[in-house]
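Starting off with a structure, shown below.
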Amino acid sequence: MKKIAKLLFEAKILKDIPRSGYHFLGVGKESVAEHSFSTTFIAYVMSELESDVDALKLISMCLVHDLAEARIGDLNTVHKQYLTADEDRALADTTRGLAFGNSLKELVREYNEGLTTEAKLAHDADQLALILELKDLVDIGYQPPNSWLSNVMERVKTKTGREIAAAIMDTRRDEWWLDVTT
Amino acid sequence: MKKIAKLLFEAKILKDIPRSGYHFLGVGKESVAEHSFSTTFIAYVMSELESDVDALKLISMCLVHDLAEARIGDLNTVHKQYLTADEDRALADTTRGLAFGNSLKELVREYNEGLTTEAKLAHDADQLALILELKDLVDIGYQPPNSWLSNVMERVKTKTGREIAAAIMDTRRDEWWLDVTT
Amino acid sequence: MKKIAKLLFEAKILKDIPRSGYHFLGVGKESVAEHSFSTTFIAYVMSELESDVDALKLISMCLVHDLAEARIGDLNTVHKQYLTADEDRALADTTRGLAFGNSLKELVREYNEGLTTEAKLAHDADQLALILELKDLVDIGYQPPNSWLSNVMERVKTKTGREIAAAIMDTRRDEWWLDVTT
Amino acid sequence: MKKIAKLLFEAKILKDIPRSGYHFLGVGKESVAEHSFSTTFIAYVMSELESDVDALKLISMCLVHDLAEARIGDLNTVHKQYLTADEDRALADTTRGLAFGNSLKELVREYNEGLTTEAKLAHDADQLALILELKDLVDIGYQPPNSWLSNVMERVKTKTGREIAAAIMDTRRDEWWLDVTT
Amino acid sequence: MKKIAKLLFEAKILKDIPRSGYHFLGVGKESVAEHSFSTTFIAYVMSELESDVDALKLISMCLVHDLAEARIGDLNTVHKQYLTADEDRALADTTRGLAFGNSLKELVREYNEGLTTEAKLAHDADQLALILELKDLVDIGYQPPNSWLSNVMERVKTKTGREIAAAIMDTRRDEWWLDVTT
Amino acid sequence: MKKIAKLLFEAKILKDIPRSGYHFLGVGKESVAEHSFSTTFIAYVMSELESDVDALKLISMCLVHDLAEARIGDLNTVHKQYLTADEDRALADTTRGLAFGNSLKELVREYNEGLTTEAKLAHDADQLALILELKDLVDIGYQPPNSWLSNVMERVKTKTGREIAAAIMDTRRDEWWLDVTT
C-alpha cells in the first residue's frame, strides 16, 4: 500500500505544475491536473457520443496521459525542439512494484502510439481541452489565441472531435449560464 | 452539438472555483477541477485494487461528482449549516437537451445516495483526496491540518479506502522522487 | 471580550473569500473584504452628498452588509437560482452573546428589506462598487464587462446613485492621477 | 460629479496595493483596502463598546485613514527611516474641488494628530487589525509573527483596545466556526 | 562575512517587491528583482554593441541601480510627487562596514547623476526594460500601454538605446520562437 | 537590431518561468529571472571579494547562465533523470545572426565546463542563491528546506563560496533591517 501512497503523491504534484504553453501564449493559466481533468471530462462526453468505443479505456487513458509530467515537467512545442524525454523510464520508475503497473503503462503506450480508436479520441480530447481555453480567452478580448486556434483546430482528427471543436468555436463562454439568469 | 459545447464550458469553470475549505483551514489551495482530478485518479487506482467493482461507473462517478458546483459553488461544512442546495434542479438545467443527460444525472444521484459499492468507494476517494492534501501540508510544517485529520480519517468507510488512508499517513510527501535522486 | 475576538476573526475571513461573480465574468478579482471597503467608501461619499440621511447608519450598514458571507460564502446570480440561504440563522450564530448583536442584525435586516433611504442608498453603493470595477476593466480592454454594464446600471435606483454611476461611466480609470504627472 | 468619480477610482486602487510589511515579515498578504476594511470593522465594534464616542467620526476616520496611500504607497517602519511623505499635499490634490474635501482632510488630520478619543481608538483599531493577522499566522504555524507581536501589542493604548488585543491573543483563529460544526 | 550575508538577504527582498507602476497601468506584474534582471541583461547587450564603453561598470551599475528599493520601496511617477527619499542614507546603511561599500555607492551615485556614457546607457536600459513590457502587453491586446509608450520612448536618449527601442516596437513578442516551430 | 529585440523578448520570458524545484520542495516560489538576478548579484559581491578574478566575465556568466531555459524550461534534479537537453542547439538558435553570439555561447560553455576560476565561482553563486532561499524559508518555520540544505551546502566548492554559505546559515533573514528600526 506504501507504493500506492507514493503514486498518489506523485499524481498530486500535477496540481503544482503550470502548463508551460501559456507564457508563450501570453495569457491564460492552468495546472497539468486541471488540464487532465478537462481532457478526461471531454473523453467522458465523447464516450457517450460514440457507440463503438471502450469507454473505460478512453477515460482512463486521458486521466493518466500526462502522469509522466510529474517527473518530466510540462513540455510545449518549443521545448520539444531541444529536449528528448525518456517517458518509458519515467513510467517504469512510477509503476515499479505496482500490481497494475503494466496496465497503466500500456494505457500510456497506446495513447502515445495513437493507432486505436480510443487513442485517436483521447488525442482529440487533449486538443479540445486547449481549444476550449483558447476560445474562452478570445471571448474575453485577448489577441494571441486567434493566431493559435487554426493550428490547434487542424490537429483534431476524428469526426466527433471535429464536430465538438466546431461547436466550441460557435459558442460563447458564458452561454451556458445566461439561460438561467435571464 | 451546441449543447455539448455549453456543457464543456460549464465543466471548465470548475478550474476557476477555489475549494472553500482551505481558507477555513488557513493553508492550502486547490481548484474544484484539481480536486476532481485527484478524486478521479484515486478512483482509478481503487478500481485496479478491487476485483468486483464496475470500474467505468466508479471513475465516471468521481469525474462528475462535483459538476453541480459550477452552478452552486463549493460548499464546505460551515456553509452547509445555512444553505440548502437544489442540486437536482442544477443538474436538470445542466443536462437539459443532452442525449446522455439521464445517465449523467443517475451517476450523481447514485453517488449522493451512497449505497452501492461504487458510491461508497467514490465517497472514500473524495475524502482520500483531502487526506492527501492535509498530509502534504503537515509534512511542510503547518499546524491546522493536524486537528482536521482525525475527523477526515473517520469519514473513510471501505476497507480499501482505510488501507490507502493509513498508507498516506505513513508516507512522506517527497518519498516518491527521493528514490531516483539518491 | 472573547466573543468580540471571535467576531473579528469571522470578519477577517472575508479577505480570503473571492467574489464569485468574476470567474463568470472571465476577468477581474476582488475579495469580499475589498468589495465591502469599496461599498462603505462609496456610502461615506454619498452621506456627504445627501443632506437628509443618517450617515452613521448608511456607512455601518454597508460595512456589515456582507458579513454573513463568512458563513454562507459569496453567492452570485447563478448560485441564487439553486441555493436558499438562511442568512437570519447565520447572523444569529454570529451575534449570539454579543451585547450589540441586535443592533448589528437590525442593520442587515434593514438593508435586506431595502425600504429606508439609507437602505436604498446602500444598495446603490453596492452596485456602484461593481460598476467601478467593470468600467475599470473596460478601460483596460476587456470585452465581457460591456455586456454586463447595462444590467448593473439599471439596478441603481436613487438620484444620487444614478448621477455617480453616470459620472463613473464618463471617467477614465486613470484620470485621477494623470493631473499630477503632466 | 466627475470629481466624485475620480475620487472613487483613486480609493479603488487601494485594492491593488499590497501592504509592504508582509514581505519584511516573510508571510501573510493583504491589500491596503482589506486592511482598511478590517480597521473600520474594528472601529465599528469599538463604537458599540464605548459609550462616549462619536461613532460616525471614529468609523469614517478609519475608513479614510490610509486614503493617501493611493498616491504615496504603503510605507512600513523601514521605509519611514528614509522617506519623507507630504501627506498634506497628497490629500490636497485628492480633495481639490470636492465639496466635502475639508471634512475629509480634517478626519485624516485628527487621526494623524492622535489627540481625541476617536483618534486614539482609531490608532488602536489600526494596530488591532495587524494583531489579528499576526495571531492568525501564529496559529497556522509561522515563526516570524511571534517576534513582532510584543512590539505591536505595546502600541495599543486605550483600555478597550488593550482588552480586545488580549482577547485576540487568547482566541484561536478558527474558534468562531468550530461551534457550529461540532 | 556576516555583513555579506545581510547584504544578500537585503537584495533578496527585491523579489518580493512588486513594481508599483503596474497597478497604475492596470495590467502587468513584475518584481523589482525581475526588472533588475531585465535591465542588466539589456545593459549586457548594449555593452556588446558599444565599442567605447566600460562594460563591467555598465552592467554592475544596472545590477545595483534599484538596490535602495529594499529600504525605500518602489516609487513611481505619482509617488515621487509627494515623497522625498534619502537614498544616500539608505545606501549608507546598506553598505556600512562593507569593504566594497564605497565602490557600490559610487556606482549608484554615478547612475543617479547620469552624466557618463555608462550612466546614460544604464538609464536607457532601465527604460527599454519597461518598453519591452509595454510592447508585450500591447501584443496581448491591452489598451493602457498604448498611451504610456510615447512618453517612455521619449525618455530614451542614446543612439543605441533609440535603435533598440525602435526594434522592440517593430517586433512581435512571440517572433523569437515562431521560427523554430514552423 | 530586429535580432536584438527578439533576444530581449526571449530573455524576458524567464520572468514567466517558475523554478520547478519549489513544488518538489513544497514551499517557496521564484521565477528564473529572479534566480538569475540573485545569482548575478552574488557574483558581483564575489568579484569584489576575490582579487584575481575577471569580474566582467564572472558577472556576465551568471547573468546568462540560465538563458537557455527560455527554450528548454527549468529542469530540476528529478527532470534531469529522464530528459536530455540539447542546450548547444538552443543557444545556437538563440544567437543565430547575432554579432556577439559566439561570445555569449562561449560564456555558457565555460560555465557548463566548470573549469576556470570564474566558472567555479559562478556555480557557487548559483548554489548560494538557493541556500539563501532555503535559509529564508527555514527562518519562517518550514520543515522541508532543512533536509535539502546539507546537500546543497556540499555543492559549494570555492573557499569564498563556502565562507558566504556559512555566513548565510548564521544570519537571520531579517537581521539586515532590524538594525535600523530598533
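Letters A, B, C, D, E and F mark the chains as written, and numbering starts fresh at 1 in each.
The rule we apply is simple: a contact is a pair of C-beta atoms (placed from the backbone, for glycine too) under 8 Å apart; a residue touches a chain by one contact, two chains touch by 3 or more.
Predicted, not measured: the structure shown is a model, and the values here were computed from it.
**Q** What's the fewest number of moves from chain A to chain E, given that each move must go to a chain touching the current one?
**A** Steps on the shortest route: 1.
**Q** List the interface residue numbers of chain A and of chain C, divide the shared ones by all numbers used, and answer same when the ratio is over half, different when under half.
**A** Looking at both copies, the contact residues mostly diverge.
**Q** How far is the middle of chain B from the middle of chain D, if each middle is the mean of its Cα atoms, in Å?
**A** Chain centroid spacing, chain B to chain D, equals 39 Å.
**Q** For chain B and chain C, what's the span in angstrom between their mean Cα positions?
**A** 33
**Q** Rounded to the nearest whole Å, what is the centre-to-centre distance of chain C and chain F, using the mean of the C-alpha atoms as each centre?
**A** Centres of chain C and chain F (C-alpha means) sit 46 Å apart.
**Q** Quick check: what residues of chain E touch more than one other chain, meaning two or more?
**A** Each of 24, 71, 78, 81, 93, 136, 141, 173-174, 177, 180 in chain E touches at least two other chains.
**Q** So which chains actually touch one another? I want all the pairs, not just one.
**A** A-B, A-C, A-E, A-F, B-C, B-D, B-F, C-D, C-E, D-E, D-F, E-F
**Q** Where on chain F does chain A make contact in their complex?
**A** Contact set of chain F toward chain A: 13, 16-18, 20, 23-24, 68, 71-73, 75, 78-79, 81-87, 89-90, 93.
**Q** Please name which positions on chain E make contact with chain A in the complex.
**A** Its residues touching chain A are 136, 139-141, 173-174, 177, 180-181.
**Q** Could you please specify the touching residues of chain B with respect to chain D in the complex?
**A** Going by the criterion above, the answer is residues 24, 26-27, 77-78, 81, 141-144.
**Q** Please give the residue numbers of chain C that touch chain D in the complex, ascending.
**A** Going through chain C, the ones touching chain D are 1-2, 4-12, 14-15, 30-31, 33-34, 36-38, 40-42, 44-45, 48-49, 55-56, 59-60, 63-64, 71, 93, 99-100, 103, 128, 132-133, 136, 163-164, 166-168, 170-171, 173-177, 179-180.
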